[in-house]
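Both of the next two complexes hold subunit A, though its partner changes from subunit B to subunit C.
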Partner chain A sequence: MDGRASAMRPWLLLSPALATVTLLLVVPVMFILVYSFWLRTATGADTSGFHLDNWIEVLTDPFYRDILFKTLRIALVTTLFCIVLGYVPAYFIAMSRTGNKTLLLLLLILPFWISYIIRTMSWINILGASGGLNSLLLTLGIISEPMRLLYNEGSVILGLVHFLLPFMVLNVYVSLEAIDRNLLDAARSLGASDLQAFREVTLPLSMPGLAAGALLCFVLSAGTYITPVVLGGPRDAMFANLVFDAIITQLDWPLGSALSIVLLVVLGSVVLVYNRLVGVGQIAKSFG
Partner chain B sequence: MDNTTRYERLLDRYREGGLPRRTFLGLIGASAAAYGVMGGPFSGFARAQDVKQVRFDGWGGVVSEAFREHAFNPYTEKTGITVVDGTFGGADEYLARIKAGQPGEFNLAHLSGVFDYARYHHQGLSSVLNEENIPNLANVIPALQDVFRKITDGTLSAVPYNYGTTGLAYNRKHISDEEIAEKGANILIDQAYKGKIGGWSDWKTRIWYAALQTGQDPNKIEDMEAVWDAIRTSRDTVLKFWASGAELMSLLAEEEIYVTEGWSGRIRALQDQGHDIGYFDPPGGLGWQECIFVLKGSPMGACEELVNFMLEPEVAIAVAEGQFYPPALDPNKVDLGKIVPSLPAFDPAGTLASLNFFEPEYWNSHEAEWAKQYGRVEAGY
Partner chain C sequence: MTEQQPAVALEGIVKRFGAVTAVHAMDISIEEGAFVTLLGPSGCGKTTTLRMIAGLLSPSQGDIRIKGRSVTATPIHKRNLGLVFQNYALFPHKTIFDNVAFGLKYRDVGRREITDRVQKALDLVQLPGVGDRHPAQLSGGQQQRIALARAIVIEPDVLLLDEPLSALDANLREDMRVELKRIQEQLGITTIFVTHDQSEALAMSDKVVVMRSGHVEQVGAPEDVYVNPASAFVARFLGNANLIPATVKGRDGDHVIAEVAGVGSVPVPALRAAKLQPGDAAALVVRAERLQLVEQPGDVPEGMIARKATVTAVDYQGQAARYFIDFCGHSIQALNPIGTAPLRAGARVTAVLDSNHCVLVPPEKHP
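Up next is the complex of A and B:
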């Protein structure tokens, strides 16, 4: 009897978390999955049942495949920019010996206090034809007419990098902060230059944070909807925009559900691969 | 004396201090009990007492502000019923929300066009208004009512409220009045303005204008492939397909674009802000009307009262002047003042014979196919 109680105890302790995950994640996803096998009729009503039409359409139509690949490409480019641009400030904050580290970290999370949409829209005032950058270049005589900087894939990636950079910096910072400084001193005492010490000690030890940041940036950018709407042009739709169009504009919830599941599976696969290689526990460390 | 009148008298006596609160509530409670036990003459009391608020959803921005200031606040002051004022980005998004919600959760909506009226009706969302409770309906332009009645077998599920056009808006610094008159809808695919053209990211409007660009009747398109090709040309010529009135105004005001289709009221708002933006309804240009739609499952008495209140000439005119769209009131019956006749799209005859509207049955019958195909074409296919 005691043995059975002992065996049950972990499950009892886990039950609130399991119930929460089941109610808020598993059940909604199951609803979406079931919906994906329904059909939308010509009047807009849904027909329940087990129909594979939506899945055949989503998996065989090159339109959806191409947009999915484009979405993954944009997410990958965004992630690479975040890695390059995020490492430097993270390194600077982590290695800072001044008492301003808290202030620097506060500045890092300051953008989170402003709405994501507002932050995204702020680029219109910077990059627009009569925005800050064009006005400055025109005033300095560097250009004779405004450059077209908005409503293209570049501005979408820029908006995503702006949104996601703090996630990367925080993750890398946590990894760098955890590195024992004695290791660096040891490397230098053995004749390594600063660059060699960084390449052989700091960089490898910060890789888990870099990988965790990369995963977050990739998944969040691949699932974005707002940024392409605000900063993209007609051809810059991403996969989440297709889900929106299917569910809202076309009122085709079954097709939108199938598209949602596809995105979920693709991004879930990325997380699984990451977990196999690095372990998702690294992400939790970034949030303390 | 009917139940409503009894209740209003009771309420008036209570408000004027002639009836103690306890007595008033006691009478209301007795009426509720009477209703619960045997129904009958006081049943209306119980229902009326249940209605503490109605929900209204609209387009937001200056339109919502005008409604709040001129209609909802005075209505709440008069009736004690709160109007919960929500917004939506479009009738598509709103329909998805209703579908996901509970019956009665959403009550009134400022819907656009006859197309949406028909669409909502076909979704089983229409109600039947008791027109006797809306005496101000008599002042509404008959032509605007008739198109609704045809869809709902002679009854109304909405009252027409205002109308406008989706015409060509252009920056006069770069495009002259003569040029816009000469080129008409084709200026939206004019390569001379590539990268300086905008358009509404709405499949119906895009198809309508593409039909004009290909010389077809938008309500009787014969060569759909030509229409899709025109939309592809438009897609590759525009800077941006905008998604909201605020974005439309921003793009024009910041001179990101020089020409686009635009909503007459929003363009008038820009003109009043001092921007030199012209507005032109091209031949075959698109007219639309907006209505206050009462959704099935709503508290009809309270909704009809609000609708009637909104149709009071002084309220409708004030809202019209606030949102820059002419009211649905018949100029032959109501003095619309000085500002309304100056609004874009205003028809002094009150017949709206010069405007072209979406033929609801035609557009609804193609909605599933065209909305989906438009999404593909806009995304690059």
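Up next is the complex of A and C:
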């Protein structure tokens, strides 16, 4: 076999995967990219061609910029909550006996069998004006009229944390599970207390999992549009809601395309920065 | 009075895991500076014992004393012990320097002194230049040296090693054996070493503790347990021993006479006849290397037992050969150096046995 043929081999072997990725990911994104340069006229028909109007609007109108920043802020806060709330159960599961571990992991994955929308809507029954929490507090006489717990940024973040926590727990769990227990014994024998051994050994060695979980949480929450619709108020739209509005409500596909490319580029950059710092391979481990 | 204190003393240590008793009423006393090996087959409770001394497990019963002080209730990080694991257990995210310096951080040691002591420890294990590297950049043997340096740099009261050599390949293992012994002698540090490899135990120890399913079977110097096994188990576990069924017939001065089917009377030194009484069933221990095969029956020295034997199979080992022989109806082995050429299977020979090197032990119990 000559040199060129053997150089081609890996590509040939990868070709089914490459074809799938191209067909399902690259081609649609290209369509969207092309669409973003078209223009929607007053008559409602799209004119093809190379128009910069959408891009100028998206990149200069402070309305879009503000919502982008708000989206990133909500994603960041959600991620921080997931880090704090996810580490503890992950640690607990990783440290429990083998038999219990399977059960706990199963319980963790159980919610995935219920639609994400249903899970999000369940908060309405809990936090709504006549929901469980308000009813309870009213009955107990702690409050005299229902509190407004829903349809604000807080409830959006709550819904996102609820949705994303299992991803964080799984990622952290996987990296905790991979830590050799002898390392902790070694640290302890050298004079470190339980807490010091955690800080010096467990925490740094679980960082890759924490980082992978954080990336997933950030990207998934920054791209969400269902949670703000279900649990947010009229002013809690996130960036993906703008895309939804443009395409579904206003039928302005070119504008929607430009907006979605913006979101894609922003989140893509986050992934690239992450890859520089941590390496993207870690994420694969929690699914492996 | 403190002079006589053993460095480590286990007093009636018992460890149960639920219904399983891993260690039964263990008593061991280890002198300051000694190299003691816990030797026994897999699952006999060596690791469990070591982990109890280290403080990683707490005994169900009994007391552990280090330098006379009871440490049974002392948590592991206050025991000042050096621990070395089979899989090295170096911190993968820390440099070699930080690995070795780890224990010093929790002791009252200045930064300058940390650097000095780490350097000295790295010199001692003959890896002075690797401080900046990470564990993954070292070979297995080097990693185990670093693990040793990390354990000794804190000047522990006792060094505990759990099969530290068994992850290394054969040649390296022998080098490390010598190396470890040199370091231990140089520092004079009390060491407890766990292994299931009898040659490691014999080569390195001042004292060998032979264990079997949670019990101490025999304690003694390597030569002692090898030459004078207290039980059939110890005889079999250490080296290549033949066990021939025998009956104790009586006493003749400082010898105990054993009757062996097909062989006749074998006088064994009374010191090597355990506490067997006339009439007891016993097993005669004959070391394979103590059974000499000669082709000319003429030159049998005075006082030896010589019997006809047939070689049934030969296991050629280069400098020596292991012969499977039929010895008066007993299938046993003889390990002899090779003269000009090894004997061939089928050869008729005379097996010569010095009964002064035989041992009588209680017979093996067959469950």
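Simple rule for what comes next: the second predicted complex is superposed on the first by the 286 of 288 C-alpha atoms of A that agree within 3 Å, B and C clash if a C-alpha of one lies under 4 Å from a C-alpha of the other, contacts with A are read in each partner's own complex, and residues count from 1 in each chain.
Please note the rule applied: a contact is a pair of C-beta atoms (placed from the backbone, for glycine too) under 8 Å apart; a residue touches a chain by one contact, two chains touch by 3 or more.
Predicted model only: the values in this text are computed from it and were never measured.
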item	value
Combined model on subunit A: subunit C and subunit B, fit or clash	fit
Contacts of A:P204 with subunit B and subunit C, given as first, second, both or neither	second
Contacts of A:L33 with subunit B and subunit C, given as first, second, both or neither	neither
Partner chain(s) touched by A:D180 [first = subunit B, second = subunit C, both, neither]	second
First, second, both or neither for A:R188, with subunit B first and subunit C second	second
Partner contacting more residues of subunit A (subunit B vs subunit C)	B
Partner chain in contact with A:Q196 - subunit B first, subunit C second, else both or neither	second
Which of subunit B and subunit C A:L242 touches, first, second, both or neither	first
Superposition-derived minimum Cα distance between subunit C and subunit B (Å)	47
Footprint overlap on subunit A, where subunit B in one structure and subunit C in the other make contact	none
Interfacial residue positions of subunit A with respect to subunit B in the complex	40, 42-45, 63, 67, 124, 128-131, 148, 150-151, 229, 233-235, 237, 241-242, 245-253
Touching residues on subunit B, where the partner in the complex is subunit A	92-93, 95-96, 99, 119, 122-123, 195, 203, 235-236, 238-241, 243, 250, 254-256, 367-368, 371-372, 375-376, 378-381
Subunit C-touching residues of subunit A, taken from the complex the two chains share	180, 182-183, 185-193, 196, 200-201, 204-205
Subunit C - residues contacting subunit A, complex	54-56, 76-83, 85, 87, 89, 91-93, 102-103, 105-107, 150-151, 154
